[in-house]
Amino acid sequence: MTHDLEALRRDVRSFLKAQAPADWRDASRTQDDFVRTQRDWFGKLVRGGYAIPHWPAEYPGGGRSLAEQKVIYEELARADCPRLLLSFVSTYHAFATLHECGNAAQKARYLPRILEGETWCQGFSEPGAGSDLAAIKTRAERKGDVYVINGQKVWSTMAQFADKCLLLARTASDGPKQAGITYLLMDMKAPGVTVRPIHQIQGDEEFAEIFLDNVEIPVSERVGEEGMGWAVAQATLASERGLTLMELSYRMRGALGRVAGLIRKHGHEDDRGVLRDFGVLVTQVDAVCALADQFLDNRINGIERIGDASIVKNAYSRALRAYSALGLRLGGMDEQYVAPITFGDLNTGNWMADFMNSYAWTIAGGSEEVQRNIIAERMLEMPREPKGWVL
Amino acid sequence: MIERNELADAAQKAFPADTLSPARGESWQLAAEMGWLMVRLPEADGGLGLTREASTALHLEMGRILSAMPLIPAQLGLQAMAASHDFAERAEWLERLAAGEYAPLPMLEAALTPRPDGTVSGTISGVFEADMAAAIIAELPNGYALVPLDAPGVSIVERAIWDPSRRLFDVILDGYTPGRMLTDPAGTKALHDQLSGEAQLALAADCIGAASAALDMTIEYMKVRRQFDRPIALFQALKHRAADMKTKITVAEALLWKRVRDESAGVTDLAAAKVLAAEAFRFVTEEMVQLHGGIGLTDEHPCHLFLKRALLNLQLCGNADLWNERVGREALS
Amino acid sequence: MTHDLEALRRDVRSFLKAQAPADWRDASRTQDDFVRTQRDWFGKLVRGGYAIPHWPAEYPGGGRSLAEQKVIYEELARADCPRLLLSFVSTYHAFATLHECGNAAQKARYLPRILEGETWCQGFSEPGAGSDLAAIKTRAERKGDVYVINGQKVWSTMAQFADKCLLLARTASDGPKQAGITYLLMDMKAPGVTVRPIHQIQGDEEFAEIFLDNVEIPVSERVGEEGMGWAVAQATLASERGLTLMELSYRMRGALGRVAGLIRKHGHEDDRGVLRDFGVLVTQVDAVCALADQFLDNRINGIERIGDASIVKNAYSRALRAYSALGLRLGGMDEQYVAPITFGDLNTGNWMADFMNSYAWTIAGGSEEVQRNIIAERMLEMPREPKGWVL
Amino acid sequence: MIERNELADAAQKAFPADTLSPARGESWQLAAEMGWLMVRLPEADGGLGLTREASTALHLEMGRILSAMPLIPAQLGLQAMAASHDFAERAEWLERLAAGEYAPLPMLEAALTPRPDGTVSGTISGVFEADMAAAIIAELPNGYALVPLDAPGVSIVERAIWDPSRRLFDVILDGYTPGRMLTDPAGTKALHDQLSGEAQLALAADCIGAASAALDMTIEYMKVRRQFDRPIALFQALKHRAADMKTKITVAEALLWKRVRDESAGVTDLAAAKVLAAEAFRFVTEEMVQLHGGIGLTDEHPCHLFLKRALLNLQLCGNADLWNERVGREALS
C-alpha cells in the first residue's frame, strides 16, 4: 500500500516535471489569460490521467483511493502548479451530483463532456440567502415539458465561462423551506440567462451573478424528483473530500518563502520581533498542514468526526489571514501601490490582493460563525437554541 | 469645544454622509469658500487663527466621507509657509494658498541626493493630488523649500494606489536647483517636528472619522440584513463584534483629543495617537467587510473604500512598527 | 474654576507629601497588615478632609464638585497611595443608599460612624445568580418586628472585616423577579451570620461568602418599602461615579515603569519586538487614561451617554490584562516562583499575581459580555432579543 | 496507533479523570508497576522498546489529570542513561531506574562554573520532585554526568512555584567533583539535542492532555451553569468561545503527532510543537477561568490548577519568545 503510494508519487512527480507550466502566473494576469491557462492545464492533466482520480475506474485516470488522491494533490501543491479552479465544479460538484443522483441518460451525456473540457457552474447562492442556503427564492414553474425559471443567483464561481449550471430553484413555497426545492441542469447559453461578473475588491473576477428571466429547462434535465432538490444538493456539497484544504495548506507552506523574501528585502533579518512573528506564522501554517493531513487520514481510515471539517476550514482561513496580514505589514508602503494580480491564486505575493482575498475564506462556503456553531453544537454537544429563534 | 462642534456641523451640512468621496474639484472649491484652507492661518496673516482642535474636527469630518480632496497636505503646506517668516514670497503665497491654490507637503519620506553643483536629484513620494498643485513644499537636503512643479528639472508621475478615494504622485527631481528656501538649516528641524506632529493628528482624525462612518454603515446593514429568519443584528456573537468596534474607536478618539489639546506633546506622542486611530480604523473596516458577508468583497459596495483607505493611512507618515518602537524606546528612557 | 482646581491640587499634593505612607506595600503583605494600613490611611484622609469629597458639605471634607473629586483622585493615583478599598463600600455604597433612600434616623445613626471607621460590605451577589442580580434567592421572612433571613451571599468585598452589611433579600417570590426584593441593613455581628473568606487564586482574600442562618434584622433597619429593594439597589450601584476607573487607569500608567524595569533587567533594550510591544502597551494605557478623563469630563458637563461606562470598563480591563500579560511574558521563568504579594493592589510587580488578578476585572461587576450587550443594545441601538429568550 | 490507544486506555483506567493530581507516591508506584518507567528503554536493555508515540500518549494522559509525579524528567533521565553506552554503571542504573528509582533530567538551564581544580559550583534549576530523587542527570561543563544527591558538595533546595500540581527544586553544587560521566565532550551535543527534542514533545503532550481536560470541564460547567434563566452554553457568544478552544487544541495536537512521527524533525521543529501546544493550553485555561466566572477565581475550584500549570509549561525548556525566534530564523535561512 505505502509502496504503491510512493510509486504513484514518483509517477506524478515525473509527469509534473515534464508537463507543469512554469510561467502560469505571468500567463494569468488577465481573466482571459487565466481561463486559457486553466483549460490548457486541465487538458494536460486529463491526458496524463491525474485530473479525475476520484471518478470511477471506468473513466481514464479514475478509480483512485482517497490515499492516492491525497498523494496527487500533495504533489500538485509541491510543484506549485495552477489550481484547478475552472474545472472544479465540473469534476467535483457536477460529477458527484450526476454520479450519485443523475439518471443513466444524464450520466452518459454529461460526464464524458466534462473530460473534454465542458465547464459547469453552481447556481445555489442567492442575494438575501447568504449562509442560509434553503432560503432561496428563484422560482421554477412547470409548463408542460419545461420548467420556466425566474430569479437571480450570485457567487457562482466562474459562471461567466460555464457551459452548464447546477441550478436550485423553488417549485413550491409552502411547507418547510428545504422542501419545494428542485434540482435542474441548465444550459448557460439558453435564452433568458444573463451573466454578470462580480468585480472583487482585489481585482479578481472569480464569481458572477446569474439573472434568470423566463429561462426554459426541459423536464428531462431535472435531477431527482420535483421538490427533492435539497437532498440532491447535499450530494453536490459533500463532493469535495477535504483535498482542497490540504492542497491549499501545502501551497501556503510553499509560499512562506515569499514572507522570508520580504524580511530580506526590507532588512529585517536582525529584528527579533519580526523573526518571532515569522516563526509564529511558520508554526501556524505547519500545524494547519498537519491538521489537513490528519483530517484526510481520518477520512481514509473511516474515523472522521462531525465538525472536523469545520475545524480545518476555520484553522486554514485564520492561517491564510495571518499569512497575508504579516506580508502586508512587512511589505510596508510598497504594497499600497497597485501591482499586477494573479487571477485565481491565493498566495501571489501581491500582498494587498492576497490580504483582501483571504476574507473570502472566512465568508464563503459557510461563514466562520456557522462553522463555530457546528463545532459547538455538533462536536462539543452544546445545546442548540430552541426552535423558532435558532441559528 | 464650541468652535469644534460648529465646524463639524457645518462640514456635515456641506458634505452629507450619504455621498462618499464627492468630486475633488467641487469639494476643494467648497472648502476654500468656507475658509477651511486658512483655518489654522493666524489672523494677522488673514487667516481664521483657529486651533489644532478646529483643524482636527475638519479632518475628522472629511474622513467620515472619505474625502477625495487633499485638505491634510494642503493645510500642512500652508502651515509650513506661515512658519517661514524669512521667505520673501511668504505673503504672496499665503494669499494664493488661502484663495485656493494648492501647495502640499508630501506624506512620505523622500529619497534625494544633493550634487556638488548644488542641484538635487531623486524622488519625493507621497504627494497627494499633485496634478492640481502649483508647487510642493518639500524638505530638501538643505532645508524646506517651495518647489514649483513647472520648474526645470521637476516632473510628476502618478503612482496608482489601491485606495480609490485618493491619488498619489511622485515628484521627480532631476538636477533641480533649489531656490525659494523656507528655512535655514537651523530652522529645519523645528519645522520638521511641528509639521510631523500636525500630520499625525490630521491622519488620526481622518481615521477616526472614517472608522465612525464605517461602524454606522455596518450597524445599519446589520439591522436590515436577515439570515436564518432574523436580522443579523440579533445574533449575540455579531452584536458583540459591533460593541468591540465602538469601543476601539472611542478609546482611540479619546487619546486623539487629549493629544490635540496637549501643546507639550512631542511628535512621538502625537504619532501614538495616529497609530492607535489607524489600527482602530483597520480593525473596524476588517470587521465591516466580514459583517457585510459576500457583498463586502465586491467593489460595488463601499466597504472596500474604507478598508483600503485604512490600510493606506496606516502607512502614511510612518507605520505602526516604526512608531510603536519609538514609543517604547522613549518610555524606556 | 480652573484656578480653584489648581489651588486644590496644590493643597492635596502638599497633604500627600506630608502624610502619604511610603512603605504601604511592605506593610500589606498579609491580610491583617493590609487592613491595619487601610484603617490608618482612611483615618488620615478623613482628618485631612479628602476621604469623602462627594458627601454633602455638612460633613467635613464634603461638598466637593465632581471636578474637584477628580483632582483629588488624580493626585491620589499620582502619589501612589494605597487605594481606599476597605472603606469603599462604606463611603460610596452605604453613603449613597442612606443619603438617597434612608430615613432620617438611619442617616443620623450611620453616616457619622462611617467617618469614625465603621466599615460596610455589600450582600448582593449570590452563588447561582452571577451577573443576573435580580435572580437572588436569600429569603427574608417577616415575623413581628423583625425579618428572619436565610440564605447565602458571595463575592462580598472585605466582608470578613465589615461591621455592617447592605443586604438584598427576597420577601416575595411571585411576580417579576425584580419585585419582591427588600433592602436591609444587617449587623455583621448578629447571631446566625457566618463569614468565610474566599481564597483567591493569586493568594489575596479580597472577598468573602456570608452564610445567613435565621439572622434577625429589625424592621427599622429596612431601607425603603418592603418589596421595593430593587430600586434602592440602583442607588447603591450608581454611587460610584467613574472616579475609580480613572484612578486605576492613572495608577496603571504610573506602573508602566515596572514593565520598563523588566525590559532592563532582562536586557531587552535592543529587542525591537519587545520595544514595539511595550510601545503598544504604553499607548493603550495612555488611551485608557484619556478615555477615563473624558468620561468624567462628560459627566461633569452633563453629556454622558448610556453605555459610556461600559466602554470605560471594558477598555480598562483589557489594558490591565495586556499590562500584566506583557509583564508576565517578559519576566519569564522568574515569575513562576512564588514571591510575596501585596494585598489589595493591582499593579504590584508580582506578575503572576497581577495577571491572575486582572481576570477579576473582566468578570466582576458585570462581565465583559454584559458590558458588550449594553454597548450594542443601548448605545448602538441594535435590537434586543425578544422577551423570553433574552439576555 | 494501536499501541498508543492501548496505553491511553490503560492510563485512563489507572488514573481516572475525576481525580486531579493524585498523590505523587502512589502514582509513581502505579506507573512503575505498569512499566511506564521503561516504556522507551530498548528491549535489549530489559525495557518495552516502544516508540515516541507511546511515551507521548502517556504524557498526554498524565497531563489530562495534572499528574503530580515526574514522569517526564524521569523518562528523559532514563533515556540519557540508556544512550550512555560507555558508562560503567549503566546496566546497574538502568535496572534501578526501571525498578522505580528516580534520576531526573532538569527542565531549565543551569548556571555552573567550572573551577581550575576540576570542581564545579553553581545552580541547576528546574529539577522536579528532587526530594524523591537518588541522583540527577545533568549537563555539566564537561559533559552529561550522573550526580548523586548525597554526594559531597551537592544539596537541594525547594523553590516554591505557583503551580500547585508539581514541585520544583534547585540542585546546588558547591565544589562538586564530577565523576560518573555519561558522555565525553563529543557525545554531549548529540545527547543534548536528543533529550531537548524529547523534552519538547513530552511537554507538548502534557499541554494537550491538560488543555483537553480543561475544555471538557468547561463545557460541562457551561451546560449546568444558568444565567438569565438559561444555561450559559446557550449563549452564542460563549458557545463560539468553546468552539475556538476546541479548534486551538485540535490544531496544536495535529502538529504534535505529526512531529512525533517525523524522525527527521530537529529540536526547533519539536519545540515549535511545544510552543503551539503550550499557547493553546494557556488560551484554553484563560478562557476556562473567564467562562467559569467568579468561581474560576477561587482556589477551591480546579480552574487555577490548569491555568498555573499552563503558565509554568510555557516557561519550561525555553519559552515561546525564544523558540519562535529560532523557528523564524531557521525558516529564513
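The chains carry the letters A, B, C and D, assigned in the order they are written, with residues numbered from 1 in each.
The definition used in the following text is that a contact is a pair of C-beta atoms (placed from the backbone, for glycine too) under 8 Å apart; a residue touches a chain by one contact, two chains touch by 3 or more.
Since we're looking at a predicted model, the values are computed, not measured.
Between B-C and the choices A-D, A-B or C-D, the pair with more than half the same contact pairs by residue number is A-D. The interface with the greater count of contacting C-beta pairs, when A-D is set against C-D, is A-D.
For this pair, chain A with chain C, the centres built from the Cα atoms lie 53 Å apart. With each centre defined as the average position of its C-alpha atoms, the distance from chain C to chain D rounds to 40 Å.
Multi-chain contact residues of chain C (touching two or more other chains): 272, 274-277, 369, 372, 385, 389, 391.
Residues of chain B in contact with two or more other chains: 235-237, 240, 321.
Every residue of chain D that touches chain A in the complex is listed here, in rising order: 219, 222-223, 231, 233-234, 236, 239-240, 242-244, 246-247, 250-252, 254-255, 257-259, 272-273, 275-276, 321, 323-329, 331-332. Against chain D, in their complex, chain C makes its touches with residues 125, 128, 130-132, 135, 154-155, 198-201, 328-329, 332-333, 336-338, 352, 355-356, 359-360, 362-364, 367-369, 372, 389-391. Those residues of chain C that touch chain B in the shared complex are 256, 260, 263-264, 269, 272, 274-280, 282-284, 286-288, 290-291, 293-294, 311, 314-315, 369, 371-373, 375-377, 379-383, 385, 391.
Taken in their complex, chain C has these residues touching chain A: 271-277, 385-386, 389. Remark: chain B residues 108, 125, 159-163, 168, 225-230, 235, 237-238, 286, 289-290, 293-300, 303-304, 307-308, 311-312, 315, 319-321 touch chain A in the complex.
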